[in-house]
Amino acid sequence: MTTLATTRAADALLSQFAAVRSLSVSLADPLSDADASAQSMPDASPAKWHLAHTSWFFETFVLAGRPGYRLFDDRFNYLFNSYYEAVGARHARDRRGLITRPSLDDVLAYRRHVDAGIERAWDSLDAATRTLIELGLNHEQQHQELLLTDILDLFAANPIEPALFPSAAAVPAASRGDIWTAHAGGIHRIGHDGNGFHFDCEGPAHDVLVRPFALADRLVSNADWAAFIADGGYADSALWLSDGWAWVQKQAIAAPLRWQHGDDGWTSFTLSGRRPVDSAAPVTHISFYEADAFASWAGARLPTEAEWEVAAAGQDAAAGNQLDRSGPAHPIGSAGLFGDCWQWTASAFLPYPGFRPAEGAVGEYNGKFMNGQMVLKGASCATPRGSSRASVRNFFYPHMRWQFSGLRLAKDA
Amino acid sequence: MTTLATTRAADALLSQFAAVRSLSVSLADPLSDADASAQSMPDASPAKWHLAHTSWFFETFVLAGRPGYRLFDDRFNYLFNSYYEAVGARHARDRRGLITRPSLDDVLAYRRHVDAGIERAWDSLDAATRTLIELGLNHEQQHQELLLTDILDLFAANPIEPALFPSAAAVPAASRGDIWTAHAGGIHRIGHDGNGFHFDCEGPAHDVLVRPFALADRLVSNADWAAFIADGGYADSALWLSDGWAWVQKQAIAAPLRWQHGDDGWTSFTLSGRRPVDSAAPVTHISFYEADAFASWAGARLPTEAEWEVAAAGQDAAAGNQLDRSGPAHPIGSAGLFGDCWQWTASAFLPYPGFRPAEGAVGEYNGKFMNGQMVLKGASCATPRGSSRASVRNFFYPHMRWQFSGLRLAKDA
Amino acid sequence: MTTLATTRAADALLSQFAAVRSLSVSLADPLSDADASAQSMPDASPAKWHLAHTSWFFETFVLAGRPGYRLFDDRFNYLFNSYYEAVGARHARDRRGLITRPSLDDVLAYRRHVDAGIERAWDSLDAATRTLIELGLNHEQQHQELLLTDILDLFAANPIEPALFPSAAAVPAASRGDIWTAHAGGIHRIGHDGNGFHFDCEGPAHDVLVRPFALADRLVSNADWAAFIADGGYADSALWLSDGWAWVQKQAIAAPLRWQHGDDGWTSFTLSGRRPVDSAAPVTHISFYEADAFASWAGARLPTEAEWEVAAAGQDAAAGNQLDRSGPAHPIGSAGLFGDCWQWTASAFLPYPGFRPAEGAVGEYNGKFMNGQMVLKGASCATPRGSSRASVRNFFYPHMRWQFSGLRLAKDA
Amino acid sequence: MTTLATTRAADALLSQFAAVRSLSVSLADPLSDADASAQSMPDASPAKWHLAHTSWFFETFVLAGRPGYRLFDDRFNYLFNSYYEAVGARHARDRRGLITRPSLDDVLAYRRHVDAGIERAWDSLDAATRTLIELGLNHEQQHQELLLTDILDLFAANPIEPALFPSAAAVPAASRGDIWTAHAGGIHRIGHDGNGFHFDCEGPAHDVLVRPFALADRLVSNADWAAFIADGGYADSALWLSDGWAWVQKQAIAAPLRWQHGDDGWTSFTLSGRRPVDSAAPVTHISFYEADAFASWAGARLPTEAEWEVAAAGQDAAAGNQLDRSGPAHPIGSAGLFGDCWQWTASAFLPYPGFRPAEGAVGEYNGKFMNGQMVLKGASCATPRGSSRASVRNFFYPHMRWQFSGLRLAKDA
């Protein structure tokens, strides 16, 4: 029986489908065929691959095998599968930049073919399939963010340093002093409660015992970071984890990724090209190792993910400065938990108590990666608006820093 | 004012000093100069290095600068410092096997020189220094275990497979069925309470919220593991973490370290040479990746370190089958929490709430390594008797398996 | 004083300039922007890079600094310099595939800008500059061949295996028996005599003492190679040089590059896509190691470069089946010294007696590479018509095989 | 029929056998068990391995299978085979340092066992076997030199820098000016004529056509090299081969191996420990790349092996300052072609015309390595007296420099 509520939910999902799918294409608007095909490093993927892989998800898990649906190209399963071992063999991740054909135009045609397939099938989709579509849209939003950070990494590797959004005006961030907000200890409930969309690793909701703590009400700024550099932070082994110190020395790390020091001070490479570093804006493109060393230098520590989530309770995740159709906003402040940058925590990415991966290929999602990575909370300027939640658990290896990653300090109360 | 109690404690410490220092030397008894000088891999160290480094600890932190003490050889600070950045430059870890001089005899003379220095200074040592000696002895016990596992790895790399203790008789382990012991949830206190010796990372004691769980009352056995192999466990990607699966494929892992399959079934290489695998004995020499995959295959999971420690409350750590002067005992059962093998947990090695490293060079101890490694609990057959505690937190990277590492299963209640 | 002969020579050079420059562009006709921007491996370069670098040569060595000439883009010196240390810093070779901008269209505009510059300046060019232009055109012809072999390597790395020239018909090669042509020993003169264009390493002409030898009058064919494979040639260490055997084992080499064995026998990947291997056609895409092992298996040896050149005396280098505007011809026979494939010799690429590199940046040409590489003689199906000479010394490292490289056998008389 | 001449030759060979075998043992006299077991890098081998491998040669090719001979230990074929593929599997070259057992004493016992076997069998050996013994002795002399250079490399890797021959007095070399000896061109015969012992690669003797040239009558000295350094030779890319320049930059090479610059000028690490560099002595421990760059800087070139051998005709190879029982002499002059250091030539190590490897496993000798290496002529201070010949062709890869390798300049006449 189809109720009015169900119909409305389906209509809303269809609108969301159109909006998300359309945003991906618009993000690729400034890209040439070559821009969209190149891969700057194994951790990143070509923009074309992101556009195709997110379509492959819908084709594979929703459309394939449905009456009347014809696969766009049966070789695409091999080309655009990412990890899903259960769905078969796939192209080596570090060789994605060699797939110059299909072209960007071919991939855009693939997207239209899949979109048309979904729309044609819409009225006959059952609830489970709609849940898969919702998953696919959230998955695509994750790839929208990656598409931007990966293009940024690619353009940064080009000596002529092209700008993706050359005309964007830089809005200076307002400088802010430190305010520490105290939080009482005790038993708190964190994790997603299961109502509404969430990724598998966000749940189950569960109680945690938290000790009293204080959280800075602003992000660490570029000015803070410049002081850390000036004080010799990158040269003082006592501040660093052993692995972090080895990384700093081997890679000759001495500043956030893509910072350069010139006669006029620090610049960094952004989606709008190389720009002077804005002192009051949050520092980004730092690794966990750097975040941890900075916190030691500052006489503080990183918050745990539980602390962060406790502090975020009741805050509006949509209030941040996040990506919309007009491109990523520039960080204009540093107060928000969401929307400026992802914030490294002191917590390893491990399963919540009672976590069980979903059945089937879709289940090969986040559980596979619960090893060796650290949790980041919040959302960045490149995170699509509407996809942020306090329970979101982003995760990267401790040396990675091509994302918009920063930090917020915590202290024992 | 010296009280009787203080005197007795000092006497006890002196006895312990003699016993621990003597055990190290006796462990090296079967070794030739060449055996004691070689290094099988960067993770391992030469036996000679262990013998010298543990003496360097006493010389550097207790004796150096004391009136009347003459450094044995001022080049040894460079040769035998391990990690302590604050104490100066040091020889590259992966080139320790090239230090053929000083010889084993020289190092034994160094040990006697340091021992004599300590004994001469004994009556004038203040309490803080005695605490350093206690730390040094526990540190040396850790290296006793490493000395054995590193020699095992070296001998395993020799095609003629020498036996360290050739005459040791294998005592078959008794087979045991599964019994799951239920533990109630709630708030429990874990970590060391600060009374008596403990390493810095074992504290502070703190409350944790634990959900009801059940813990197997035996370790996973070699027979269990053989069933996992026979069932294709190493070939089923669905059981493995992503990093683990990459490791299995790249390294072509198909059994615990040093297992070989022949006409008469599985053998493994032990401190007594190559021996048939004892079905009822606990499996050892497995990585975290393998432990985690096995638990998935068995429909269970690894315990968290909190769960393990809750279960261990009240158990006698000295009851296990641990190393004494007669060499490592053979695992003769699989019931004990202590003394058979270290047990991988589901917990990353991270600081306990309120953890602060000690001041000074001695503080460069465990806090430096709180990244990327997993906690193991218990103690192994190579752990010196008397050095086990429920609060001990051993830690290794998830791919490592040259230690006596095994697992015990857990389940949600 | 300008004589008629000089004028005619200048006119001929201008015609040649137009023809060579135009051929490069036509070779890129089938390429998309992405095709032209990607780099399959560090040894290969993007097509766009070849098109730009060959123009950079003319801009840098002929046009830069001339009155009235404006550099197209002053960042191009950094992007498109290849090796010339004297001309300044340059982009890392293994990261050429990340330069997605300038686009292929930009590079074609660059070519037109340089061409126009050369044409405008033509009447005022002195003889030394015309010599540089002649060098630049021969240099560009080398890059035309590389452009094709590099695109072939890129397309081969794409799982969908695109074809550059999909419609080209395969003309079966005629099978031929072995005929050994005997050559008398004695003193022969080899190397370029200095009249007409030649690369620096082709001279000076000099006498060599050659022993009587016999040279096969055909190239080794695919059928020959299939017999070598079938006879276990890749598994018999006795046939291989030590370095070659290590290479075969580490890389798991068991057939020429891009050969695959299926139900219908061997196929290989060509500029026209995947095709059945033509038994009578010359084998190509083999390394020096393979050529040397094959010769041992066949009871023969590779010729020295002197032997090859002695045998080539009097042969017409233009008679081969070489590249023209219609794309590379398919090997239609195996008799010719030129035009089917480059032929590995037994000679290391070392300077001829009396060799001196040219002065200045242009001199950083071939002399830099006289170490560790082996000489190949002849010309391949991808060599531009008109650029072959008996004195040409091509050279590659012994493991390389992405060129059209084959072999011809020799024997002592 | 045994003639008197045959008997005398046999007696002489037996004396040579005793002398060579004894010298190897005496070279190891200063070594501890650990010294003799360690391996500083994959290119080098433990002294123990050299002692065992040279004995394995006699056991395998002469004694094995003879009536009455018992293999010393049938596991030694696996441990001490070096390259001979035909003789079966062998221990990985880069893991020789892990074989701490058998001990040095065991290996010395192995040597005595083999020596006794040879002596017992002596009277019954046929001519072919005596030829094998002669080969084995020359093979052992090569390993005597390697034993010394490998120990030198091991001791140099030890921060305490032990001296193998601590008491050896340094005899200053006499400084000499440049004298260039002219040699007429024409056809010369080089290579070994087959009378007397020689390694397979030294023949066949053959005619070469040489152009008039001049050869310096002294080796390049340490003073010359210091001038090259002072003039920026290591920083001027124009002097270097492309591969050499990449090597210099990647490895940060700025002086010969083990040179250090201190307040008192240059020192180097020698078999007698660290010593001031003797200006007038020949430079050693340089790579081919360095030798070639130096020659360019000096406006000269390296000689070809043919030129070197032509110049050596008639010189007494035994006149040099070579190794005898008292240890390696110190270079006392720089006039000799033999005995100071091996001299890099401009020639690649390739087969002479008509070269055929010997049949059987013994044939896996030098022919296998005729690829990628450069020829060195002469002999070094570590070459056993009596094993030098003008026709000897030593060879190493162009980056290697742990041997006593230097250079002598040549010029076109």
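We call the chains A, B, C and D, going by the order they appear; numbering starts again at 1 in every chain.
Throughout what follows, contacts are C-beta pairs under 8 Å (C-beta built on N, C-alpha and C of every residue); 3 or more make two chains touch, one makes a residue touch a chain.
Model, not experiment: these values are computed from the prediction.
Undergrad: In contact with subunit A and with subunit C at once: which chains are those? Just list them.
TA: Correct list: empty, since no chain touches both.
Undergrad: In how few steps can one go from subunit A to subunit D if every step must land on a touching chain?
TA: 2
Undergrad: Of the other chains, whose C-alpha centre is the longest way from the centre of subunit C?
TA: B
Undergrad: Could you give the separation in Å between the centres of subunit A and subunit B, each centre being the mean of its C-alpha atoms?
TA: Subunit A and subunit B have C-alpha centres separated by 39 Å.
Undergrad: Quick one: report the Å distance separating subunit B from subunit D, using the average Cα coordinate of each chain.
TA: Centre-to-centre distance between subunit B and subunit D: 46 Å.
Undergrad: Where the CA atoms of subunit B average out and where those of subunit C average out, how many Å apart are those spots?
TA: Computed value for the inter-centroid distance: 60 Å.
Undergrad: Which of the chains touch, listed as pairs?
TA: Touch list across chains, by label: A-B, A-C, B-D, C-D.
Undergrad: Looking at the complex, which residues from subunit B come into contact with subunit D?
TA: It is residues 32-38, 40, 75, 78-79, 91, 95, 97-104, 154, 157-160, 162 of subunit B that touch subunit D.
Undergrad: Using the touch rule from the top, collect the residues of subunit A that touch subunit B in their complex.
TA: Touching subunit B: residues 83, 85-86, 187, 206-209, 211, 237-238, 241-245, 288-289, 292, 346-348, 350-351, 353-354, 364, 368-372, 398, 412 of subunit A.
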